[in-house]
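Heads up, the next two complexes both have chain A, just with different partners, chain B and then chain C.
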Partner chain A sequence: MASAPMAAPRKLRPERAVASLKGDLDASRALLWIGARNRLSDSIWSFRHLALASTEHPYQTGPGETELTMEILVFVKRVPATDSKIKVGADGKQIDPAGVEYVLNPYDEFAVEEALKTKEKFGGEVTVLTIGSADAQKELRTCLAMGADKAILLEADTSSVDASSISKCLAAKAKELGAQIIFCGKQAVDGDDAQVGVRVATLLGWACVSDVSSLELSDGAFVATRDIEGGKEKIEGKLPAVLTCQKGLNEPRYPNLKGIMAAKKKPLESSPASLESAALRVAGLTPPPARPAPAILGEGAAAVDLLIDKLKNEAKVI
Partner chain B sequence: MARYKGVDFYAMDSLLSDEEIMVRDSVRDFVSDRFLPLVTEHYRRGTFPMELVPELGELGLLGPTIPEYGSGLSSVGYGLVLQELERGDSGLRSFVSVQGALCMWPIATYGSKEQKERWLPGMARGELIGCFGLTEPDFGSNPGGMTTRAVPDGDSFVLNGTKRWITNGSVADIAVVWGKLDDEVRGFLVEKGTPGFTTRDIENKFSLRVSTTSELIFEDCRIPKSALLGDVSGLKGPLSCLTQARYGIAWGGVGAAQAIYEEALEYAKTRVQFSRPIAGYQLVQDKLVWMLNEITKGQLLVLRLGRLKDEGKMHFAQVSLAKRNNIWMALECSRRARDILGASGITDEYQVGRHMTNLESVSTYEGTHDIHTLILGGHVTGLQAFE
Partner chain C sequence: MAGDVLVFVEQREGSIKKASFEALTVGREVAAARGGSMSAMLVGSGVAALAGEAARFGAAKVFVCDDAKLAAYSGDAWAKAAKVCAQESGATLLLFAHTAMGKDLAPRVATHLGCGLVSDATSVHATGDDVHAKKPVFAGKAYKEFVGSGMTCVTLRPNAFAASESAGAGQVVNVAAPETDILAIVKEVLAASTNAVPLQEAQVVVAGGRGLKGPEHWKLLEDLASAFGPGVAALGASRAVVDAGWRPHGEQVGQTGKVVAPPLYIAVGISGAIQHLAGMSTSKYIVAINKDAEAPIFKVANYGIVGDAFEVVPKLCEAIRAIRG
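Entry: the complex of A and B
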């Protein structure tokens, strides 16, 4: 968590300069070139020289200097805190927001942390993206305070959208931003749909691994481990990819004081989202039934038979 | 368990900036997730969780308001940091107060460029630890009587004397030691391992057990002349540091009181005696309301003090009032809470006993409750009760 290294200073790195010469690279090739750099064993001077020779690259950052940035994108969502008392609203289709505390979706914290670690290792830029109300700026600021470089809020009333319309909007934005890798939570703890990451990957035609609990990235390829019933599954693939993040992947850092103070100066763009109308709608919400009052069945050995009977016939758990 | 939310009866949050709230919440989560799971073991053993020191540095909690080395945090933001740390334990808050206010602050304020460059970056990261040696076995409330002396000898000073009750004394890499040079109080930076400088820990404390407390012993300890804090002389040196630290302690008292109140409230709502939860009885309600009342007043006091500090208008007598009130208030809360918890309140399964005994130290150090009464008394009457 807090022992994670601080962000590396942004400067012209020779490995990125070389990659930048290779035209419009996708992430996998960019990473390949990072790997190639060790084999090339040229001096820093000559990398710099090559960088200066390139003049037309889209990633150009200043006169004569180019820099390929790895575009790392994270989808995040503002959700009710898991310890909030949830009441169904008057229409029976939405929750009553009164008195509910909102937080960054807990699984998205793993996604942001993994994005920051990826940036610290390979360089690049981390953008966090959300679709939601203006209130979601608070959660975006939290991500900026953790270390993300830029935040984008696509403003929309999300009360009547579905995973399909959200995913289409996010995929279009990811394309526009030139994202090379996308991290998101395995699910948002409000709707528990677990659809967005997978849908976006499908729309983009990218690889996707869901429920990632361990990840190694190198040379434009990845090895992701996911938890499956009773074991683990290891998956190899190539970037670009969408990785949906599960607990265990990392320990999200606490925003530190410097990060928090820096966050207010980082860009947070806000624009209206263009969302397709939803194909699905929520027909109704039902709260879980009130728990029956606990009963004491008896004491000591005398209660055992009765307990077994209740577990078998009432609770039907044994 | 539900996330700890603190006490905010008067919607104080709306008087805080977004950054201040974010800083507070970050430290709050750190204390809940990283510190509190460890505290009971350390309390039993009488040790400080040294493994968390790099994390304190990484979070930016060490000297955050020090120009150039800090993060430009407001004084209220810094106060909220200390409030949350003391919600965990007074020992944790003491560590951070000593490092930031009592060691980094005087080096930044009175030190040379070389001294700043040598010590401050490592101290901000938590790689170097500081301690502050003012109190002596025979001079507590009356530091002006100190007998520690530095005598010039060629290009060094020779230091002799004993400091007692020094937080972090034996774990510190650098001691800010106050001693007399030509009968005037001066500050010296003494490095760990300097020949003639030894430490001895004070064991078997009832209070502030999650903190190292030591004696510093100087026997013909030779330090270079460059170890002198050049820009200050007289008691003003140490007292100005204490003003910084007392400011934070006043916030800390609010944190400890909130932890105690929350625990007592929860307990009272679930503990059934006779026919109903004890929270339903008037005498118990009186205690809970007393706590809420005093916590709310204490919060408003430090918030105003913090804004004054940022405006450069804070007077040391105002700091005395806040330290005196808020630690008294927290200690009184702890006694009431302990009472509400009945027998449960005397085991370390609950935190109130730990906070209560801690607060006895906090009430004594950095100027005892009564010494602050006399500082204020002198301020309002113009008649000093002590020299």
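Entry: the complex of A and C
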């Protein structure tokens, strides 16, 4: 599964410079020429790009229409909202979905926002990708409304797979799409695995920083900080990279009405996914262990003496 | 051997993390139950000297990958080193502490080994060759038990397991660092503050919510935390006060913040939204101080005081200082 690392993202909008260098050569021919040169010189120019350069936009007339820019990919997931009550389902392995409201994984909002900021700075295209049921189209539309350009749903029953199977499928798709940078949430708030982003980077042979709380991207490189116990660490690395996003990285934008309307017309591809079987088996899902019966000791400062007595002699924690 | 267990021993600047001693203790017990032995691995530069400490907690062998190139943490380079140690050890169960480093490293190692990983486990046991590991999901609103057959990795939640010493042979096995291009590496470590206790490692967490009425009143909680003495208590916060900008993101406890399980959690002016409860309800003892007797926090609190934080906390602070001081 591991592959040769992709080359660093190309410099942005080279076609303008080359078109002017070529003087009287017409702009569209110059673009096709760059496409051909890139195809020969650069393995990241995957089949998708070939298709884009040769068939989707064969007659472009201006440099703005086919920019040779960053392919930005975001992995997202549909999860129960954090204020949901979680009940164990009848099979004893899954949650009971009755009455549960589903949302875009909160950490993925930071990932989508960072992808949009990256596009705003460097140009490019933001694709959001998820594996799940057809219901996940709702969360993909949310990402499109925030500003992502296109969405892909790999439809599969994920009830019996794990981070190992999901990562393999996502890594293969990222390669097929010619992604140059991937953002995802630091973890999904359902399984709390915090594995998929890091695993995908490892499968692709890419750099990875998990729990990113600040990021500076430059041509082919990045500086990221991540939270560690009692502080932060500053990490330098090379692109391509997978960055898993932590709260504090940015303030995710809310989709506005214009964005929501635009999202309805943006492409959302759906295709069935084949997932490898899980590396782990699920033995069961159980409610959390019950806490001891709560006790109200009293009211106001007068209850402090009793609290101290309990902490000292019963709990023995002070 | 099939029953063997290998524990990644995390060190930062030459000192071993407490959570790694917990992992060594779990590794020793699981290995004994599986009829195998427990070994440790150390990755870094100048780390060979720490092998004796792993032996104190029962490591039969200590695989040491000591190389100047590994002086700073690089997830990609360290994972390759850990993979070589794992292969040389022949272990089929790898344990890590679920720390910032462990949770970054373990998915990489599991991917290299082509195996499953149970992250943030709060209990682990063996039946025959299988490993059963239970972990909180939905930030603790439910627990999921996984079973791994063959090679399996598990990260262990800090503070969820006890550490105990039991001497092992500690035979050092040197492992050469694999040749690799480093893709990303730590260039600088920025400490939040020299005296701050990491939230997830603290023995006591003092957390505040909207009941404190404003960021200017946090002195109250700082005083309470410091009353426990140096290096004991850390400050936490509810999502509401973090979102309001009163406190930094790093202090948020809950489903979209940190999940903590200290021996003592003191919630001051926190009503106990479901997503906050998810992040702290595995704490051993919970104390709640809140004006509203109906607040959901009292449903999980071992000891509750209904009252004004501005009246109760100074008295509590004084009483704790009298005991600890």
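As a convention for this text, the second predicted complex is superposed on the first by the 227 of 318 C-alpha atoms of A that agree within 3 Å, B and C clash if a C-alpha of one lies under 4 Å from a C-alpha of the other, contacts with A are read in each partner's own complex, and residues count from 1 in each chain.
In this section, contacts are C-beta pairs under 8 Å (C-beta built on N, C-alpha and C of every residue); 3 or more make two chains touch, one makes a residue touch a chain.
Since this is a predicted model, take the numbers as computed values, not measurements.
Counting the residues of chain A that each partner touches, chain B and chain C differ, and the larger count belongs to C.
Looking at the shared chain after the overlay, A:Asp83 reaches both chain B and chain C. Once the two complexes are laid over each other on the shared chain, residue contacts for A:Pro106 go to chain C alone; chain B is not touched. Contacts of A:Lys238 after superposition: chain C is touched, whereas chain B is not reached.
In the superposed model, A:Ile228 lies in contact with chain C only, and not with chain B.
By the touch criterion defined above, A:Ala295 lies against chain C but remains apart from chain B after alignment on the C-alpha atoms of chain A. When the shared chain is aligned, chain B comes close enough to touch A:Arg141, but chain C does not.
Contacts of A:Leu257 after superposition on the shared chain: chain B is touched, whereas chain C is not. Touch criterion not met for A:Glu176: it reaches neither chain B nor chain C.
Once the two complexes are overlaid on chain A, the chain A residues touched by chain B in the first and by chain C in the second are 83. Touching chain C in their complex are the following residues of chain A: 5, 80, 82-86, 88, 95, 106-107, 162-164, 167, 189-195, 198-199, 201-203, 205-211, 213, 223-238, 241, 246-248, 278-289, 291-292, 294-301, 303-305, 307-308, 310-312, 315, 317-318. Within the complex formed with chain B, the residues of chain A that make contact are 1-3, 6, 81, 83, 138, 141-142, 145, 254-261, 263-264. Looking at the complex, you find that chain C touches chain A at residues 73, 75-76, 79, 99-101, 103-104, 107-108, 110-112, 114-120, 132, 135-149, 152, 183-192, 196-198, 200-201, 204, 228, 248-250, 252, 254-257, 259, 263-264, 273-275, 278, 281-282, 284-287, 293, 298-308, 311-312, 314-316, 319-320, 323-324. By the touch rule above, chain B contacts chain A in their complex via residues 2-3, 18-19, 22-23, 26-27, 29-30, 34, 54-55, 58-61, 64, 70-73, 77, 81.
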